[in-house]
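In what comes next, chain A is part of two complexes: it sits with chain B in the first one and with chain C in the second one.
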Partner chain A sequence: MSLTIGLLLALSFVVSLLALAFLIWAINNNQLRIEQRHAYTIFTEGEAGQVDDPTAEREDDHHFDIERAGIDRVSRLPVLILVASGIGWLVLGSLFGLVASLKLHWPDWLDAQAALTFGRVRTLHLNMVIYGWASMTGIAVALWVTPRIFHTPLRLPRLPLIGAALWNMALLAGAIAIANGWTDGEEWLEIPWQVDIGLATAGVFFVVPIIVTAARREVHHIYVTGWYYLAGLCWFPVLFVIANIPYIHSGVQEATVNWWFAHNVLGLWLTPLGVGTAYYFIPKIIGKPIYSYSLSLLGFWGLALFYSQVGIHHLIGGPVPTWVVTLSIVHSMMMFIPVLAVAVNQHVLVARNLWALRESIPLRFVALGALLYTLASFQGSIEALRTVNSVTHFTHYTVGHAHLGAYGFLTLVLFGAVYYLVPRSTGRQWPWPAAMAAHFWLVVVGFLVYFAALTIGGVLQGLAMLDATRPFAESVRVTMPYLQARSVGGSLMALGHLLFAVHFVVAVLQRPAPHPGATVLSKPAVAA
Partner chain B sequence: MNRILPLGVIALGILAFATLMLVIGPAIQIKSMAPTPGLANYSAQELRGREQYVAQGCVYCHSQQPRSADQAPDAERGWGRAAVASDYVYDRPHQLGTMRTGPDLFNVGTRLPSRDWHLTHLYQPRAIFAWSIMPGYPYLFERKSRAGPGDVVVSLPAEHRPAEGVIVAKPAALDLVAYLQGLDHTNPAPARAVRDDGYSERGEPR
Partner chain C sequence: MKTQLSGPPSPSETFEPYETMRPIPLGVLMIAVALALWGVVLLFDNSEAVAIGQAERADVLADQPARSDADGASLFSARCATCHQPNGSGVSGAVPPLAGSPFLAGRAEVPIAILLRGIDGPIRVRDTVYDGHMPSFASVLSDEEIARLVSYLRERFADRPAPVAAEMVTALRGELAGGSGWKGGQELAARLAPELAPQPSFALASRAEADPATMRLVNEGTNGSWACASCHGALGQGSETVPRLAGLPAGYIARQLESYLNGSRRNESMAVVARSLTRQERVALGDYYALLRAPSNARPSLGGDIARGERLVLEGVWDRGIPPCVSCHGPSAFGVAPGFPGLAAQHPAYTASQLAAWVSGERDNAQQKLMNGIARSLDDADRRAVADYLATLPPVPVAATKERADDRR
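Our next item is the complex of A and B:
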């Protein structure tokens, strides 16, 4: 036993040495030199210094550049189809989430069908919002932003169309399977592995075009957003395939695989998508580069090194080796470093340009999302401490935390990105500007209620459970008002999503009342 | 940060390293342990019941991993001794769980051994605990005008009884209850069994 652990430590030492050698090589070859001027990669010439928000432009504005119009036109169809799919899954997923929430205080509601029992509705919610909304919309934004930071059109733009069709079909099949009780039975890995083959295949159709586009880029430097996207697109397929290979593990080994995967979905897939997106849109909309471009390097590699090893903090106090739990706790604390690096970069820029928040609703979504990333990460690190974990583990507090990350952070960032990119992509304005503000306040207020309720309720539940003098029933009773409040908050969020979905459909289907820039483009053609 | 290949290679290298530490390392250690003495494999009916447990999604509200007395009063609540890795060798998929909307079930078979209790509770939890927020599973039961030979009738208080006829358990419900009744991990764990001892004082016996 001590031999294998000794071997493992020796191996980790060798790996560290190799990494060090690689780092020296990289520095020697100027691979790691980055300068503040690289932060300007996202702007075209003369563009930096002015606010850029398509939703706030008036009819007579001529904020449109030909290079980007060409780039955005190539990516238009795959991006819009993926966004539409994502929004569809968001609405459906929110509905199942709301039903699951209501069932926790109306337990006899909808209990006649197996497909609508709590355990399945909750699972449908998670899979739809993570693999449907967050992943598809995140990929859409990546497909739209990547060509822009590389100043070249998307290559192989038809492949993502095949990918989107395949992904939607596989996810639908997965949802039907779960509703009928066919599940792999592990959290975040419920979709049967046979169906997962479809999702994994679909993934190839997204990864290849982005990598080919990156390889054919017209700028030497890869902007920080590109690091996150490219790394995320390397990580997630590997994670997904390895975690879904059946019949390898059982029992506790399977649990470690489960949480290695589940936390890496957050850390190495959803987080890179969200952070990368925020790194593009915040400076792009404000018109100024991020605070310190070299700091972003620390944020990125810190995330890769530390986030990848935090998963076992989901098994603190459980039947797994002490050393691996401790390892994950240490890395959870180390996450403060990359999170602070990202926070300094993004929040300082926003704080110095608060006026821009008033002018731009997309920026409001993205900047608030970025702020909540910082908070969610701090909360996650603290939650991994043993004393805190004893109270919060096994309670609704964790559900609140999960939503702070996946919703407060990622979903808000994606909302902002979609509001920004649809006018640029279609050449048409959002038809109802007031609906954007209404959407913002519905989901922000709704989420505030949601998060506060589960956080307070979860702590009370945890304290009741730790007190041997109180019966278990007490830990259920004490949460009731908070579970009801969560349903209220969740309803507001779902309402906001419905409004967003209707607005999106109207925006895409509206008669071409062309964006002012589009007429500028077509004029020479008429003259000729 | 101007090249794609090194970026991808290092990124995947870091992931491989994390996999080594979080997956391969613990697996080597856990696989070296024999099953907890006295731990029996599931019977065919218990396995069918376990499939029901997984398919209904019981894991989203019930954990199967009692904590140690140093950390939480799980044992005092009757949920059993702290679980160790070798208690789970026959579990596939694992159902450790991360939520306790309901109590831990790792030893529910010893805590609540009665089949009739479980059938009533599964059909309508509020027939037993007014405060319970667990869903009922009426679709695992059926109403018959009268019980046939071999039917297991669910005993219910007046307010949950159907207007006429009786409620009998479908095979799925009987399987699920058999699995729950079989959940028993009270055999003492070997001294060197693997678990997270991060809460225990140095040298303190488990």
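Our next item is the complex of A and C:
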């Protein structure tokens, strides 16, 4: 009886709603404020040597000399190796993405080898940028930030080195498998499950050090970035392993599990990495607090409660029980709540400190990324509505949206984070500040062209496909100028990535600073 | 030292991010409440939609046409009276009468068997031989409907008031499943009603088999092109957007193949096929498919409004410049050779796609561009309604086309 299944599913929505209502009630009744007071206490104890300034305001409690504690020194090697790997995969992945884009309007180009046909090149692009660039760099940033907010050096710092080697090898094996036509045949899960065992094992070497570090933290209160990182690092291994277990799902179930996983990679893995990173760097660079602790709670728990059901909106119109799809649409719309909470928290701070955008290129990347997170999420929620979906489904519009989330949001945030952390990790400044600005404008302008072209072209394509009196070929022909524009935008983005990669190599290989302990970035007043 | 990180207020490197203790803004709370309410309403609304959808699907699964509760009289006027006339008198020399027919007066199985399989050869009714052709209604009428129709016919035209049970139809349908039309009265009489003998033999209507070269084209393909049957099926029955060819006029089929050649009808696959065929082969294929018989495998599948489709097909909408389909495509939409194809039992996805193709110009090969204007007057719902209704009709009785095709020569 589908009524029973329907009831169960509706119940899961009601339970989520009740949990959300309880959370809001608890916040409004100060049930959760106690923890914050604890935090202040611990801060004061931890910073006992610094609070003797009589004019110090309450905000001065929130200071901690990370350099003196030697925290960055411990995480330096694993972080830099992971960032280097991530950037390597980014360059490779961008090239494959560009080739795939060009093939859409030069269909006969590079068609002699099976490995260079569109289906494989596009798949290689996806897997390299998601599991290579986004995941490895995201983990690197998490490994760097987590010890800082916990006031304690990274524990087990050698494990991530093993993890990075294993992850790179597995991803390379997966890429070779895909190029040779051996895949699991599901989007986002193309890497053969035999190879995925390697990725899952490598993941353990990243998760354990961070969890151990969290357990040994020197602060009582966990800053919001920590919630997102810890949650993402717990959610993703579960998702990845369950979705990759072979021979248990088939047919429609397989498609359902496929999209449950694929969308959760974005929402429960890449989003926590990106949002957590933005939550750290925006206030850190501006030097002022986040708008509201209550909103942080609402944003985090809203994501946790509603995101996991979102993915099935990819199967609107498919042979999946209507209940599942409708529930997914409702949950997609409910994502407005956490996104709004994060948006208010982060954008208010940036909007009140616009001066900082001129001063700091890392902040420019992170703040723009955070803004695009809001836009991508709102767009995604609206795309899940049946009326909108019937136009945009199976069109380039969806591709534009996917890049707004994975590129506009996450990749820009990670660029900013890398620009911020490399000088502090190596103790050396970026050698060419102008290259950073060039990188910013290349990828921003490139992405703007990319996104606008696919969005307009996608809608036109969708409308052409819906009109039975227009032949199908016309829905393909109409996208032509937009696909060419996408290649132009994509080229600019790829160019920016190359510049970024060269700059990174030069920055890491340049002559060491005289004493890495006191980096060139520190304010003289603080370092003294 | 100036770095890219320092601004006028000079944030300290030791600053630790934290959150201030502001309450959740009222606007965010209100949006959260509104979304929650919307979600509950949508889920509730969906539960009703699902219930309706399930009921509709149950109807489809039971394969009940839209008017399954129609009584025998309305079934008669909808399905039989066009040819057999409203008073059952038939048409002299063409359609046998129902009134006083021994086929109705005898065992009830006889009219049921005729409805289930149709007739493809000559029969003798009260000393007159009719060499006409009757379609099979097996795909069109349910067992209950056939029982109601036969009861009505026997009571009205043969004075046999005892009603026929649907179980009898069910049993007979199982027994006769898969057979093609009765090969004249002889086969019918031999199988079910010896008392109707003597009946003329099917040999009177025997026809030449297609030549081996044509059969190779159909079943194996040739000249670098694939076989017709690989898409259109072994019986030319088609599926989805691949049309049913069985029983279409020979001249019509040959002309479509020419259209693919000259570009007035566009289809990548068919253009390849058409280029591989000589003129003689095109004509031979038309002749072959015109004589092929295949039970209907078309079912309404586009969610069209069947009643609206019936109105458009039988009456048209003159205000909008839409003539009834049957005014050109013949009674029961069986087609009029050589120009007007049969539409009955055609696959709805194909019919609707063609109606759309007339609008887009993908297809522009109608005589006097008749279809172009009509198709432009139909909207998407009309196309689906017409296509779904046509799929509920019985397939063209094959040899009806043949006779007209023969006349043409």
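Here is the rule we use: the second predicted complex is superposed on the first by the 446 of 528 C-alpha atoms of A that agree within 3 Å, B and C clash if a C-alpha of one lies under 4 Å from a C-alpha of the other, contacts with A are read in each partner's own complex, and residues count from 1 in each chain.
Rule of thumb we're sticking to: a residue touches a chain if its C-beta (ideal position, glycine included) is under 8 Å from a C-beta of that chain, and two chains touch if they have at least 3 such contacts.
Every value quoted in this text rests on a predicted model; they were computed, and no experiment measured them.
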Quiz item: Should A:Pro431 be classified as contacting the first partner (chain B), the second (chain C), both, or neither?
Solution: neither
Quiz item: Touch check for A:Thr326: first (chain B), second (chain C), both, or neither?
Solution: both
Practice problem: Answer with first, second, both or neither: which of chain B and chain C does A:Gly311 touch in the superposed model? | Solution: first
Quiz item: Is A:Ala468 in contact with chain B, with chain C, with both, or with neither (first, second, both, neither)?
Solution: both
Exercise. Look at A:Ser250 in the shared chain and tell me whether it touches chain B only, chain C only, both, or neither; answer first, second, both or neither.
Key: first
Exercise. May I ask you to decide whether A:Gly70 touches chain B, chain C, both, or neither, giving the answer as first, second, both or neither?
Key: neither
Quiz item: Which holds for A:Trp260: it touches chain B only (first), chain C only (second), both, or neither?
Solution: first
Quiz item: Which chain A residues lie in the overlap of the chain B contact set and the chain C contact set?
Solution: 224, 322, 326-327, 468
Quiz prompt | In the complex, chain C residues that touch chain A | solution = 1, 3-25, 28-29, 31-32, 35-36, 38-40, 42-43, 46-47, 49-50, 53-54, 266, 352-353, 356-357, 359-360, 362, 380, 383
Self-check item: Touching residues (chain side chain A, partner chain C) in the complex
Solution: 2-3, 6, 10, 13-14, 17, 20-21, 24, 27-28, 33, 36, 39, 43, 62-67, 149, 223-225, 279-280, 282-296, 298, 322-323, 326-327, 329-331, 333-334, 336-337, 340-341, 344-345, 355-356, 358-362, 420, 429-430, 433, 436, 468-471, 474, 520-526
Self-check item: Complex contact set, residues of chain B against chain A
Solution: 1-4, 6-8, 10-15, 17-23, 25-32, 54-61, 63, 65, 67-68, 71-73, 76-77, 82-85, 87-103, 125-126, 129, 131-139, 194-199
Quiz item: In their complex, what parts of chain A are in touch with chain B?
Solution: 1, 4-5, 8, 11-12, 15, 19, 22, 26, 31-32, 34, 103-105, 107-108, 111-114, 117-120, 122-123, 181-187, 211, 214-215, 220-222, 224, 227, 230-231, 234-235, 238-239, 242, 249-260, 264, 268, 297, 304-305, 308-309, 311-312, 314-322, 324-328, 386, 390, 393-396, 398, 465-468, 472-473, 475-477, 480, 483
